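Each of the two complexes below includes chain A, the first together with chain B, the second together with chain C.
Then we have the complex of A and B:
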């Protein structure tokens, strides 16, 4: 079978799965924002530990996220070296001191400040990514639109997200079919062809794809009109989840972490950076 | 009793059209009636349906004259949303109508829009899903469902509103024959058990008449030309004159010169007074010449022990072997998921088999690329819109040659010849957008013919076409076949199989279960059941009449039709 669903959502019964999609979305946003804002390694480590606990509780299999994990790790390693290559003195600029570990050239000097800065940055990515995975893998796609609507996105826009999830696999299938049919007419889409030529050949797939999708749009919009879409200012959701006590606890907890991290910056660090060098 | 739908001197003209699509329609439909609406493509039956369900004037604008009331309301006063509580529409494209991510969500769609609270909504959805036997699949996604299940979901999705009128737009178009039969049964059950008014728009009359209908309304060129019971309609020549396919058994009775009257009850094969027509049938049966023995050419395409699987558990094709001879016209039939498309894709080289071999003229083509195979084997997709990538007809047909670097001077005669064969020569400088669906189909065929292939594989060549366009396409393909092109068609249209392809290959669950003449397959009960086919009504008629050789009766019917067509000047 071709991949028939965008995410392989598998229903499970645990704390994280049972939270409503709204809760997960808001918590994800709160914690990500806290992590993005703060440059305090202590705060970030706390959130990182937290996010790995969440990942563990949600019983996501390593198999599901393996590929994504490898990409992320590769990205982090490259990022780590490139940061040093392009701005080796950024840490010194931020923290205002210079504690040299060893010298490569005059410009490329490894300092404790730079090391702290780069490790902090890496921790940021490492703490946000498990949260993102948790959100993607434990949220029922059907419920997602309902969640968006509940946090204030208009229901028409929210439903558009749901429709995208519904018809995206169809588009992929159409794309494959069209691509094969065009290749059967001698169109070369492989790397043997020059890039410019290849892009031109791709057009031969997109034109029919667009036209056959437009046919689809008319049917779908009629089908929705005929069943009263847009009749009222609000709508209810079949797949929406009720907020439970756990949802409110989780929200309160994440709000607390978020506020605490802001408070750390404002009252203790007097800025976004934690500076152990002064 | 007050009619639930009433047209009085009603005309409608789309703003984009020069002439009205509906002319002075007078029609009354009463609560609880079951009405079949038939007519050739473009006759206005879809427009009529849009007037009833409210898409006209809500989504399609135009000029309305005369009166239309639905449930006592006139269209300009009641909005589309109010209408949708009265009339539920099941669209032809039940995949497109499936807007939810799961069955449950899709059924609930209308309730969600109505702001029904969730617990009540779940309860209603469960009840309605049970009516159409989908309550076990509430969390299934559309990709896990068959065509019939999607249609039942669509039906449930309009029944949650407790509508009075159910409108079915070509409910059989995307279903295999047996699933179609089940759908007609379900519609009948819902009509009886829930006292709904049912309107069915469909051109496969024979399949709808598998169950009782009260009236058949025939529309032609925007006018109602007949409004009668099935018995009355079958006794007349209206359908044949309009180029609409009547049930095969009814045509057979006319060939046998049976004087048709409503008293014979010819509306349904089950009610037909067979004793009164038996003698005529026997006489005709004995008067027909024997079926000529056909000589087969040499083997052109040979498939040997072909296997294909995605995963270990899902074997899509298992040890498929068959031979196709030069100059044959072959149909490959079977249910959705039986492996028909997979087989075609393997032959074209879109996918590679796990085991087995494919031979063309005795030479293995298993190592050939898609591009190499495409010079010998042309593949025409079901939807021409998915194939056409150039705005002008000439360029579209020339595309394959241009890609291969043939000089423009050499291209021109080839393209012109292909366009000539396809009857498109006079339109060679037209844009593709000016063409009808059937003409676009011919453009896609022409763009294959320029490559001068030995074999043409067509996926559902006549899907969604009415009888006249169907006949046009099929006669054209037969013409190509006479020019020496071997034609393979993937289809679940039994008329097509019976009338145009002497040789049929039947697949079921990835295995070949039949490889015989179409007549033998469609008169074989066991095979029909396995492959979701339906026995032809010709066979049923012959059996009822007690003819000594019902199979040869079916063959005689087809031979008789062909000799008549070839003899006629058109």
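Then we have the complex of A and C:
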């Protein structure tokens, strides 16, 4: 069955939970951009260790993230093989040297360069994911819009994000109701039905679902207009947290890691890749 | 002429509801084509319907928010594809001033207009933007990302062409147009 809540936010009292949403958002973005930019396995491993420490400090249980982990690992394995299948010589191209481990055919040669490139890529994802989970599980969804607004996203767009999170469970409930009602009337959505027929059956769910959501758009936007939404250039947020000393320490630390990783690329590696082969 | 970039309360709410639907469909409702790892994502069809009704800004935000939230449930958004989803729906939304679906008009000509924009949007997003960002941001090998982009673009164009067009047609029938009342 579908989960009606996207992110199960349960309040706890620890260092990570008590940070303001803005801090967590900025730290998440800084660290994930650091990892995105750098192809230096050493930098990435440092950030990965950091992000697992953060995950531990924030007391997120493995049970909560198990499903995500499996999905991500599956994705990484597929990506690993696809990369080799499509570009077995990409590593050689990047690093400019060739150290053969063993040969399958002339084109499909396993080289240390390719191995380093693919493992670095894998580490990159593995190091960002704990950060993403930390951010998702420890941020109050109602505080999220306030955080987005504070880092410079227009409040109307930020409000759209918060409304999305607010209405997602309602949509799931509507979808389930309609889908069960249609299945009770004999609509088959499983693999037994042919593709074209299945698409048609799906439309029989979409049409009531979408038309009822268009009615909802009308109702909600009227309610907001009547309360004067969008009249002013700025707005305040009910759920925003105040910045504390810990927030500033965390921001400074993440900014330092970010700058250090850029500095590694610029001054030591002279490029985004760490090349141990020369 | 409708103002394409107006961002009024109704557009905001439509964006939010559209993005919630997009997330729901992207997570749970896919039609497998038989080829592994290539599903027809129904969410793009519904997204294109919202883009045609509410304009490019709503389209862009629906794509970005919906895709980012979906990815976030797995840990981390894959930014290049999140942006491409937004771009595809933004370009589809450019058809908005030419359509009068909410006044009950969706002729064959309108259908063709919508599909031209939709196909251009998918082509730009999945054959140009997504692979280029993949190469720039993630340094993925070029031939892999272009192949993935082609497949994704084709599937999304089918989804928008079929689901989007049908939804627009059905919706136009529920709306009454200007000056359709006659005195007896």
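One rule holds for everything that comes next: the second predicted complex is superposed on the first by the 273 of 278 C-alpha atoms of A that agree within 3 Å, B and C clash if a C-alpha of one lies under 4 Å from a C-alpha of the other, contacts with A are read in each partner's own complex, and residues count from 1 in each chain.
Convention: contacts are C-beta pairs under 8 Å (C-beta built on N, C-alpha and C of every residue); 3 or more make two chains touch, one makes a residue touch a chain.
The shown structure was predicted, so the numbers you read here are calculated from the model rather than taken from an experiment.
> Looking at the superposed three-chain arrangement on chain A, would you call chain B and chain C a clash or a fit?
On the shared chain A, the partners fit.
> I want to verify one number. Taking the Cα centroids, what angle sits at chain A between chain B and chain C, in steps of 10 degrees?
Taking the centre of chain A as apex, the angle works out to 60 degrees.
> Where does A:258 make contact in the superposed view: on chain B (first), on chain C (second), on both, or on neither?
The answer is neither, since A:258 touches no partner chain.
> Quick check for you: in the superposed arrangement, does A:132 touch first (chain B), second (chain C), both or neither?
After superposition on chain A, A:132 lies in contact with chain C alone.
> Regarding the shared-chain residue A:17, is it in contact with chain B (first), chain C (second), both, or neither?
Neither partner.
> Could you say whether A:156 touches chain B, chain C, both of them, or neither, answering first, second, both or neither?
A:156 sits against chain C, while chain B stays out of touch.
> According to the stated criteria, A:199 is in contact with first (chain B), second (chain C), both, or neither; which is it?
second
> So, does A:225 touch the first partner chain B, the second partner chain C, both, or neither?
Both chain B and chain C are touched by A:225.
> So, does A:212 touch the first partner chain B, the second partner chain C, both, or neither?
first
> Return first, second, both or neither, reflecting whether A:87 touches chain B, chain C, both chains, or no partner chain.
second
> After lining up the shared chain so the two structures overlap, which partner does A:39 touch, if you call chain B first and chain C second: first, second, both or neither?
In the superposition, A:39 touches chain C alone.
> In the superposed model, how near does chain B get to chain C, counting Cα atoms only, in Å?
Superposed model gives a least chain B-chain C C-alpha distance of 5 Å.
> What part of chain A is shared between its chain B contacts and its chain C contacts?
Common to the two interfaces on chain A: residues 162-163, 165-166, 170, 203, 207, 209, 211, 216, 220-221, 224-225, 229-230.
> Can you tell me which positions in chain C touch chain A when the two form their complex?
Contacts found on chain C: 7-10, 12-17, 19-21, 23-24, 27-29, 31-33, 37, 42, 46, 49, 61, 65-66, 69, 72-77, 79, 137-144, 147, 162-163, 166-167, 170-171, 174.
> Give the list of chain B residues in touch with chain A in this complex.
Within the complex, chain B touches chain A at residues 53-55, 58-59, 80-81, 84, 89, 91, 93, 95-102, 104-105, 108-118, 121-122, 125, 141-144, 157-158, 161, 310, 314, 345, 348-350, 370-371, 373-374, 378-379, 381, 383, 385-390, 399-400, 403-404, 447, 451.
> If we count contacts the way the header does, which residues on chain A are in touch with chain B in the complex?
Listed in rising order, the residues are 1, 4-5, 141-142, 162-163, 165-166, 169-170, 174, 177-178, 180-188, 203-205, 207-209, 211-212, 215-216, 219-232, 234-240, 242.
> Spell out the residues on chain A that touch chain C in their complex, using ranges where they run on.
2, 6-7, 32, 36, 39, 65, 68, 71-72, 75, 78, 82-83, 86-87, 90, 94, 121, 124-125, 128-133, 136, 156-157, 159-168, 170-172, 175, 191, 195, 198-199, 202-203, 206-207, 209-211, 213-214, 216-218, 220-221, 224-225, 229-230, 272
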